[in-house]
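Each of the next two complexes has chain A plus one more chain, namely chain B in the first and chain C in the second.
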Partner chain A sequence: MAWLFVGPALLGIGLVVVFPLVYSLWLSFTDVNLLRSTGPAVELWGMRIPLFRWIGARNYTQVLTDPLYWDSLWRTLYFVGAFVIEATLVGFGVALVLNERFPGRPLMRSLLLVPWSLSRIVVGLLWIGILDFEFGALNGLLLRAGLVDGAIAFFKEGWTALNVLVSVYMWNQAPFATLLFLAGMQSISEDLYAAAEVDGAGYWRRLWYVTVPALRPIVFLVLVLATVNGFLMLDLIYVLTMGGPAYDTTTVSWHGFKTSFTFFKFGPGTAILYTLTALCLLLTVVYHKLVLARFEAEG
Partner chain B sequence: MTTRARYRGGNYRRRSVGSQVILYATVTAVALWLIAPFVWLFVTSVSYQRNLLARPFTLVPPEVTLDNYRKILGLVRFHAEGQAGKILASMWNSLVVALVVTGVNLVMGTTAGYAYARFHFPLKMLSLFALLFTRMLPTIVLIPAFFLVFRALGLQNTLTGLVIAYCSFTLPFTVWIMKAYFETIPADLDKSALVDGCNRFQAYWRVVLPVSGPGLVAGGAFTFMLCWNEFVVAQILNTKPGTTTLPPVIAGMNGQINIDYSVIAASGFLGALPAVLLVLVFQKYMVQGLTAGSVKG
Partner chain C sequence: MTTIDRRTFLGAAGLSAAAALLGEGALRSARADKPINFSGWVFKPDTVKDYVDFFNRKHGGQVKYDAVPWATYHPTMETRAMAGEIVDVMYCNSANRERWADNGLIRPLDDLPGMDELKKKMAPGNLEAARSRDGSKVVGLPYFTSIFILMYNEPMLQQAGIKAPARTWDELMEHSAKLKRDKISDTPYLPNWNNSGSGTMPQFLSDCHSEGANIFDAKNKVIADQEPGAARAMERWQKAYKDGLVNPEVLTKTSSTDTHRLFWTGRYAYHTNHSYYLKTIAGEPENSKLAPKKARMAMYPGNGQTHMFTEWYTINAKTKVLEDAWKFARFLGGNLNGDWYVQRQWCLIAGLDNAYPEMYDNPEIIQSYDRWVDLKLLREQYKKGRPINAFKEPWFSEYDSKAIAIVHNIIRGTSTVPKGLKELTALQKSLA
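Presenting the complex of A and B:
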């Protein structure tokens, strides 16, 4: 009976997720040549899915001996680390502010959803309007206030560009962390705060001894989700830096994207992307443990 | 009750003047940080490029114009009208894809979510884990496979292809969100329906679904938003002019040097509006649905 309900969705997911996932894994072990139409293939319902030539782990050895891969991996780790820290801290800080009572709080909570509901293409676009060397509003304001002598080129130097990417992505994603934190803060019993206040605890002590411990599961959740999102980010790089200057903002996902779809080398490309997938599987295990722990705690 | 209410998130009646000032300063700063960039996008979209380039810089544009919108809507001719003229057609494509994917998700995802919330069945935990994994999966890893299969099927550069590809990252989300939602509906409701002679399907269709409006709205609006905003998959799979969705067209305009930023800003603002409005209209349900979906697993 249950299978009648889950069946269609699982079948659908099997067709659009599991099958491509397995096929991509297969591709990462083959010598894909998109121009060749002969060679081994599977015939399924009249369509011909090419299998290409199995070359073992050669794509993986090629990818993993390429210094560009390791450079982008270290860069990705920095990107993810910086993004996770920024998004969590800012998300938490904003949640603290929005958890206070002040007139206009419902409006503020609506505003919170704006950065998050924008397409990342638009997110990149509007930050270009602010950061651009020639017409950027921030440069305009800084120049007018006399704080800088010349306009700042935010995307000219690799290190700056990478950190700008982190902050722009954070602007887009931190509001979601805030939503989760706010939901958690509202489930904390007010009696705890009352008791702490009776005991003479001020704002910061209440924050540290009541709010933070109660939010621990949500903190972990935010960390895991932000880590995954950090590893997978692609579209902002496309609008803002295209992986450059040079390779200075090339992350693993961008490297895989370019190898697959700019150079159309599907073999090495899927191999790069599969190293990312393995990482996500690992993070899913962590997430799953967290969720399960919560299930058990709730009985 | 009064004492309870007073403590929630601090007590503002007894706030000192100093902390009042700090609070309002932070609130203002947060508000600016959240909304000013988007407002600036609007300002640039109703400005002339020459005024954006003018220094000293002014926050309030000296001239306001709808020319940029006229250009992308094809009402005035200009040198890059070929590029800008794709905006409306691609918005239509975006709408069709987003609506169809949302429909598919609501039918299939909701039914599965209900089963996960109510039934125990073999492989339930394993398939839940698989679902979670597909939710965390980099969608981009699936695209080489879609690319080759769609080429074999002739689905490249079609909206059908995009719909299929988009289900890969939306369906797991919808199942998850709906499962969390159905868990908040008391199981006694279904039980009494079963006692009254309904079968499982009737209990679901006639009794549970009609009271599940908020959950359906949350799942539907979220799916629509994801599809409307998606860029990478559409960019790769639908490259033929006229077959792609809005985000790739905007990104393409951004890559051209001969198009003014103000025109691109206008298309960005116009393209962002549907998703932003949708989220703002349904915010209550979406926030509930999403936080329940991720917090409770």
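Presenting the complex of A and C:
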């Protein structure tokens, strides 16, 4: 009887989660040509799903010996590191503010969600409007205020372009971290703060000894989500830089996308993207050890 | 009161059913038996829908059209083919067409009725491009063709006392330097160095061709490092970037469309891009400060040669409605309607260059082009458009994309010209 109830959900998960994962993992070990699928195939509700020719780890070897992959990986690690730190700190800071009582707080909490609720294509276009060398609003303001002699080209150098990507993505994603932190803060018992105050703890001590430890599960969640999102970020690159100038803003996800969808090399493309999956899993374990394991042991 | 007995009722019902069947039969005789699936990338989809509706009405078609975003168009079509879906008529860009032909996704068109007539009407360069790599078959009908042109901002040149647009690259650099020096423009030259497939590399080929350089040899191997003209073009690009004559962010613009919109501002003196963009620059006062006709076209500097390419309508090799699919393909890429309906529409609506020269004898088109370009000069430039055959090689798509980073490094001076050109040659060798 229990299987009858969970069966539909399991079937759904199997179809939309497990099958694509397993199939794409399989593709990363095969020689994929979408137009010449003459090898074995699986029939699923009348649809032919080709399995392609197994070539072992050749795609992974090819990917890992490509200098472009390693360049992209170091750039990705910088991007993810900077983004996770910025999104977590800004999200936490804004949550602290919004947890206080002040006039207009409900409105502020609602407005907070606007950046997060926008499509990233829109976010990209919006920030082009702000930062563009030719018609950007920021350059206009700086020039009119006499703070700069000429317009700033934020996307001229790869390094600045990469940091612009980090900041724009942070602007888009930090509200979600704020939301999680805020929910966590509101679930902390007022008694703990009252007891700390009785013991003579000031604001910073209460923050450090009450708020932060109580938010550990939320910190873990924010870190994991920000890390995964950072590794997979693709759409802002598409709108803002297309991975350029040259390869200066090419991350592993963009490299995988280009390999798959521009060069039609779906085998190496999925291999590239599975290395990201492995990295995400690895970092999740690390975060668990650093943030959560000790907390659970204490609990 | 009139009563209806069972016999009368059955008789009337039988007659009604027969009439309905006959009616359906009559209707069906005018319509295609089966639907034709038609897919294209997103470019003015409402226009496409309009002419699909026109075809369905006038030629009794049952065309079902869907538009797929450009970025994922070709992979989407391949995935659909892999899953067994047959899209009868498809757009295909030049870089992917040969792979589709090699892998049996699309069919040759030579055996189809009326093809020989269309071949005779097509410009030789476009017909050559329509042929498969070995030259034996025509595998597509032209959707549109494109050449790179030089555009200039006439009021700005006049303001600077420059009487005529640059005829040589040296003149263009001198004009740009003067405009910057005189503080008339911060960045007088806007080359199409954007990061997409329609930007940096077509611009690279255009400038190399205009310097008399061959980038590919007769066997389609890259020989950029052996061509002094290519080195000259790259040295000029480096200098323009270093001297601040170009918008420094043009390397991260994501499309030729985005790039050409910068010219709307009227802050640049010269712009090189696909010819059809001059239509919005010089012909749309609601968008561009350089309309009407304040932006003009000049012959491309150097020897005048520029890069030319064509995009295609193709027919699925597995189509089960070949006759209807061909009829529709001829409506799109040929002259089924007798008045070049679709080809003419693209000239009028978007200013797309056309593979059939007789299009430009049409009074409506002449009148329309007169609003934004000197048509005679455009046709002169078209004669100097130089197609390449390398796009038919299986490595071309990847080469064309990866080469952008190498050329960007040359422009920015992070690579020297000889080293960069050698890298282009090495890149092609590594992919072949």
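What we mean here is this: the second predicted complex is superposed on the first by the 264 of 299 C-alpha atoms of A that agree within 3 Å, B and C clash if a C-alpha of one lies under 4 Å from a C-alpha of the other, contacts with A are read in each partner's own complex, and residues count from 1 in each chain.
Note that a residue touches a chain if its C-beta (ideal position, glycine included) is under 8 Å from a C-beta of that chain, and two chains touch if they have at least 3 such contacts.
Quick caveat, the model's predicted, so the values are computed rather than measured.
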| item | value |
| --- | --- |
| Three-chain arrangement built on chain A, chain B and chain C clash or fit | clash |
| Partner chain in contact with A:S110 - chain B first, chain C second, else both or neither | first |
| Most chain A residues touched (candidates chain B, chain C) | B |
| First, second, both or neither for A:Y238, with chain B first and chain C second | both |
| Touching partner for A:Y23 - first (chain B), second (chain C), both, neither | first |
| First, second, both or neither for A:V212, with chain B first and chain C second | neither |
| Touched partner set for A:W171, first chain B, second chain C, both or neither | first |
| Which superposed partner A:P50 touches (first chain B, second chain C, both, neither) | both |
| Contacts of A:A153 with chain B and chain C, given as first, second, both or neither | second |
| Partner chain(s) touched by A:S260 [first = chain B, second = chain C, both, neither] | both |
| Which of chain B and chain C A:D132 touches, first, second, both or neither | both |
| Clash-bearing segment of chain B relative to chain C, given 7-15, 151-159, 169-177 or 223-231 | 151-159 |
| Residues of chain A at both interfaces, chain B in one complex, chain C in the other | 47-50, 132, 134-135, 238-239, 260-261 |
| Parts of chain A lying in touch with chain B, wherever the complex brings them together | 1-6, 8-10, 12-13, 16-21, 23-24, 27, 32, 47-50, 94, 97-102, 104, 108-122, 124-130, 132, 134-135, 137, 139-141, 143-144, 171, 175-176, 179-180, 183-185, 190-191, 193-194, 197, 203, 217-218, 221, 225, 228, 231-232, 234-235, 238-239, 253, 256-257, 260-261, 266, 269-270, 273-274, 276-277, 280-281, 283-284, 287-288, 291-292, 294-295 |
| Complex interface listing, chain C residues touching chain A | 71-72, 74-75, 78-79, 81-84, 99-100, 103-105, 186, 194-196, 247-249, 251-252, 254, 262, 265, 267, 397-398, 401, 404-406, 408-409, 412, 414 |
| Partner chain A, residues of chain B touching it in the complex | 3-4, 7-10, 12, 19, 23-24, 26-27, 30-31, 33-35, 37-38, 40-41, 44, 49, 52-53, 55-57, 59, 104, 107-109, 111-112, 114-116, 119-121, 124, 127, 129, 131-134, 136-149, 152-153, 164-165, 167-168, 171-172, 175, 200-201, 204, 225, 228-232, 235-236, 246-247, 250-251, 254, 261, 264-265, 268-269, 271-272, 275-276, 278-280, 283, 286-287, 290-291, 294-297 |
| For the chain A and chain C complex, residues of the former touching the latter | 33-37, 47-50, 132-135, 150-151, 153-156, 161, 238-247, 249, 258, 260-265 |
